[in-house]
Amino acid sequence: MFDDFFLISLVPILTGLFSALSCTLVGNILVLRKQAMLSDTISHVVLPGIVISFLIFGNLGPYFMLVGAGIAGLTAVGTIVVLRTYTSMDNSAAMATTLSVFFAAGVLMIELTLGGNVHLDVEHALYGNLESLIWIDGKSLMSIFDPAARQTIPVELTRAIIGFVLIASVMLVFYRFLIVSTFDQTFAEISGVPVGIVSASVALAATLAAVISFDAVGSIIVVAMFVCPPAAARVLTHSLRDQFCLSLLFSALSAVLGYAVAGYFPILVGFETSISAAGTIATLSGVILACAILYSKRQRSYDFLDGHQT
Amino acid sequence: MNINRRRFVGLSAAAIAAPSIAVAGQSLNIVCTVGMLADTAKQIAPANVTIRALMGPGTDPHAFRQTRSDVVALTKADLIIRHGLYLEAQMEDLFAKLGNRKPILSAGEAVPNHNLLPYDDASPQYDPHVWMDPTLWIHVADAIASELSSKLPNKSAEISQNYASFVETLIRLTDYGHDILASVPKQARVLLTAHDAFRYFGSAYDFDVMGVKGISTTSEAGLYRIEELVDLIIERQIKAVFVESSQSDRNIRALIEGTAARGHDLKLGGQLFSDAMGPAGTYEGTYIGMIDHNLTTIARALGVDAPKRGMNDRLNV
Amino acid sequence: MTVDAISATELTVDYDGVTAIKDVDFTVRAEKLTAIVGPNGAGKSTLIKALLGLIPTSTGIISCFGASPKQYRKNISYVPQRAQIDWEFPVNVFDVVSMGLYGELGLLRRFSSAHKNRVHSALSDVDMADFAARQISQLSGGQQQRVFLARSIVQDAELILLDEPFGGIDAKSETVIVDILRRQNQNGKSIVAVHHDLSTVKDYFDDVILLNKTVTAFGPVNNVFTKANIEKTYGVSNLDFLTGCG
Amino acid sequence: MTELIGYNTALALVGALLFGFSSGHVGAFVYLRKASLLSDSLAHATLPGLIIGFLVSTFLGMEEKNSWVLLLGAGASALLGVVVIQWITARTKLGFDTAIAAVLSVFFGSGIVLLTGVQSVSVGQQAGLEDYILGSVSGMLLQDVFFIGLVSIICSAAVVVYRRPLTAFIFDPVLSELAGYAQHRMSFLLSLLTLVITIIGLKIVGLILVVAMLTIPAATARLWSTCVWSMSSLSALFGSASAGIGVIISALLPNLPSGAVIVVIMFIALGLSIVVTHLRGSNV
């Protein structure tokens, strides 16, 4: 039972956890900037990036694909900015336009260059599967200290941790700029905050978090982890610091509990097989959001103002 | 066929000669990916072997998502039988990891390369839908049988017997197909379906196979293609088109309407099993039943008086 | 004090393909309270944005204490219209005021106790010290405006620009805010505010700029804020209606 | 007739023109409401209902993948999505964007949970379930055209009848409330129109085209018009015209999927409009 944990469960839990935390970190900012749907937009626009990197490099090695997807994500963000500058489009319309045009361009590229006759199956090429990230040499706690066994730790976990550390440290360094330009852009601009660079960095961080997580855990939970934990934290607190902390807590809770529920719950109630961990994590984050909203309602009814008096 | 059988006997003899790995009476726990493989393994394996398919009979392997219990089953298995040829694309990484520790049989790759159909001249990948040709499936059965008897040397007589009778059924199925399709004229030998899954059927029974869509799942048919197919149906006086169990029937019905508008009577020939078998517990839920259903349905739609309930008189009608 | 706080010459700004203000000439005297007054759509907000260097000017020159707005930015503070702020944003009063120091702090400099004291003293200046931990949506309109005044005080800028500081605020809060502005003015700050209530211009401000696409008149209220000039700015038909309110 | 334009092209053309018209018409209001991505969210929210519909039809012993039951299930679950979005935006400080993203991901995630539950249990022919309600323009059937025609008439009529309250609601919700049109009802009406267009569009023209058709013609029309009425008419016209041109191009040249071509045509029209209106604007 316990060696099974290191073989089968440990790496998926950790990878899910770190991917979820990266997405939630950036998600807090996106929710405040009213750009929550950016995460879904990125999941649609990566198609042409992958097709182009397939056409150039002729294979779908993970790094080519990550780079292709990342470049497509950034180009899409650029397109959104251009559309918003030159038309009356709001964020929603600019994202809708960009995601449909990029996706259509990807489909056209596949048809025109490959004639549809290649197994370029984006669903499987880009989107990973959390449960498959087994650690083949993971036998016990001691395996972590065994260099040979460490070799077989799935690279997705390493990437998820690096991604999380990178995003967390950049956000810490730029915290002041991030907050002030999100809260009051005009003021940020005259205070000398490079507002454009900050926006581009947010988009870059979102793309990074999304693409790394697509590869490790699949597309479904990415949007959920970007949006649901920050939203749940947002309805519960008025303080930004508390919002960050609560959302990370919710995110970790959904990721770890979601994997466990998906793996064990159906078997406990008598089914033979488990259900999708990614789907369960997303569903669980939705349940947390619903509970947070219901709870905040009850709170509001009697201490909406007094409860926050200092 | 004789060649295959001889090869198998040779292999099993070698296996007996080798020091036996499995202890007598020990059971073997086999996990297969798709239903077709699990059914074939069940036909061949001796009684005390547990065989489990990850994908239920009606599940499309392209759309399958493995869950934790599937991964656990794979890591616990004594033998993993998968199809290979990139059919289980979403599990490639997982198999690469398990491959270092577990015996994995890529049964579909037992089909000799010269019998495989590449997607196109430039492509290094082969079309994985080899089960459409029961003759090629003998290679798969052969690979499973040799693997089983090397694992269970003391059961090799039973395995060999099961294998022989399964191969006999496969040959009977092939012959049945040739018999009932023999009367179809060359010009009418066209199989038109929603997507390109029947190319091995085509090469086995001398049919031109056409799909409305390409192979890729992101592919979408253009109007040009639809009009082209309508012209072709009328030109070659094709009588029937087919829908697949795992594909939407819209494009096929559009063809029927399109040809009807030009006065051609194109029938919907029925539903074929392409990537997934019929419901569990039915005859169509077995490999033989699935192919029987396809052959009988195609023949009857093209005007042949094939037995309504198929080769074994077991088809559901 | 001879240098003007702001001087604009031949200023034209096109915004979204439309000419918002045209051939504007005026000066703002330093250490005075100046109102920008004009009808809706006169280009008041555009003028403020141009003064902040946020939008490019098509022709003309603006200078703030002899420098261009962008060079001088560190010495300008800005109080936005209340409608532009997302009041549900999870920040409290203290956080908003400390944002005034972000330009000075940059990214990595520590927020020291000296900084903290400056924030508290700015909050005391606007009489909001008791509300430091309140989330900003839980304040009245006047209190919210005072928080943003505190933010501009903590910035310690020479020039304060305000966009409709009295919009949506009750009369009592209005006098409180005017008092705060007067005090800042006595400390040597130059203050420019977009204002829409003609009846209070003479009471609150030293100088006035009358704007309707172009400047119709500017200078001390007593000389400039005459019936003739207002009529010229607003058009005759509006005048009776507007002065009738007063 | 058959030489110039085949039966299938003719059907696709009529269907695309009709769908382009009504989605452009409704899209103008959706655009002004800043809710363009609602359709994307609702399209994803159909998944759990689709699978429940499949299970129901299997257990009732109906023909498997009976398209009406599946469509009904999909519609019901998207409708629940609309209700949840309204609930979140009305009762919390969370923005509309957050609400639609949450509904999208959670509904889709629970759909995947159901799907993995179904895939290893032998309940029937679940293969291809996800693709089942994803259509394409080129597979247009006669019954689809009638269906689109009916839906287009209903949606466009609703937009014409409700144009004033809708405009008032979008521009100034309080005004519409005082005029007797409750905010939540107007918001629900607009979401419902989006839902109908999305579900029908999903089955007949595919997801991406639905999102594009509700957004891009409206954005293009906005560049050329200054009042809501002319904008929605222009948007319907642009939607219809791009769909028609796209269908014809896809019929004349090989390897061009109609849906993708239509999206690209709409985007080119948008790009040209941006350039032309800006050149015009600077001459004023």
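Think of it as A, B, C and D in the order they're written, each chain with its own count starting at 1.
Operating definition for what follows: a residue touches a chain if its C-beta (ideal position, glycine included) is under 8 Å from a C-beta of that chain, and two chains touch if they have at least 3 such contacts.
The structure presented is a predicted model; accordingly, all values stated were derived computationally and were not measured.
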Those chains which touch chain D and also touch chain C: A
Joint neighbours of chain B and chain A, given as chain labels: D
Chain pair with the greatest number of C-beta contact pairs: A-D
Distance-maximising chain from chain A - centres being C-alpha averages: C
Most central chain, judged by mean C-alpha position against the global CA mean: A
Geometric centre distance via CA averages, chain C-chain B, whole Å: 77
Intercentroid distance (Cα basis), chain D paired with chain B, Å: 38
Centre-to-centre distance between chain D and chain A (centres being mean Cα positions), rounded to whole Å: 26
Residues of chain A engaged with two or more neighbouring chains: 107, 111, 115-116, 234, 262, 266, 272-276
Where chain B touches two or more other chains at once, by residue number: 65, 67, 70, 217, 219-220, 222
Touching two or more other chains - residues of chain D: 93, 112, 115-116, 120-121, 255-257, 259-261, 278
Parts of chain B lying in touch with chain A, wherever the complex brings them together: 62, 65-72, 75, 86, 89-91, 93-94, 97-98, 100-101, 119-120, 123, 125, 213-220, 222
Chain D to chain B touching residues, read off their complex: 2, 6-9, 11-12, 112, 115-116, 119-132, 134-142, 206, 247, 250-261
Residues of chain C touching chain A in the complex: 52-54, 73-74, 76-78, 80, 84-86, 89-92, 95-96, 99-100, 102-103, 105-108, 130-135, 137-138, 151, 155
Chain A residues touching chain C - in the complex, by the definition given at the top: 32, 173-174, 176-177, 179-180, 182-184, 186-193, 234, 237-240, 242-243, 305, 308-310
Contact footprint of chain A on chain D as seen in their complex: 31, 34-37, 39-41, 88, 91-98, 100-102, 104-106, 108-113, 115-117, 120-121, 208-209, 211-212, 214-216, 218-219, 222-223, 255-257, 259-261, 263-264, 267, 270, 274, 278
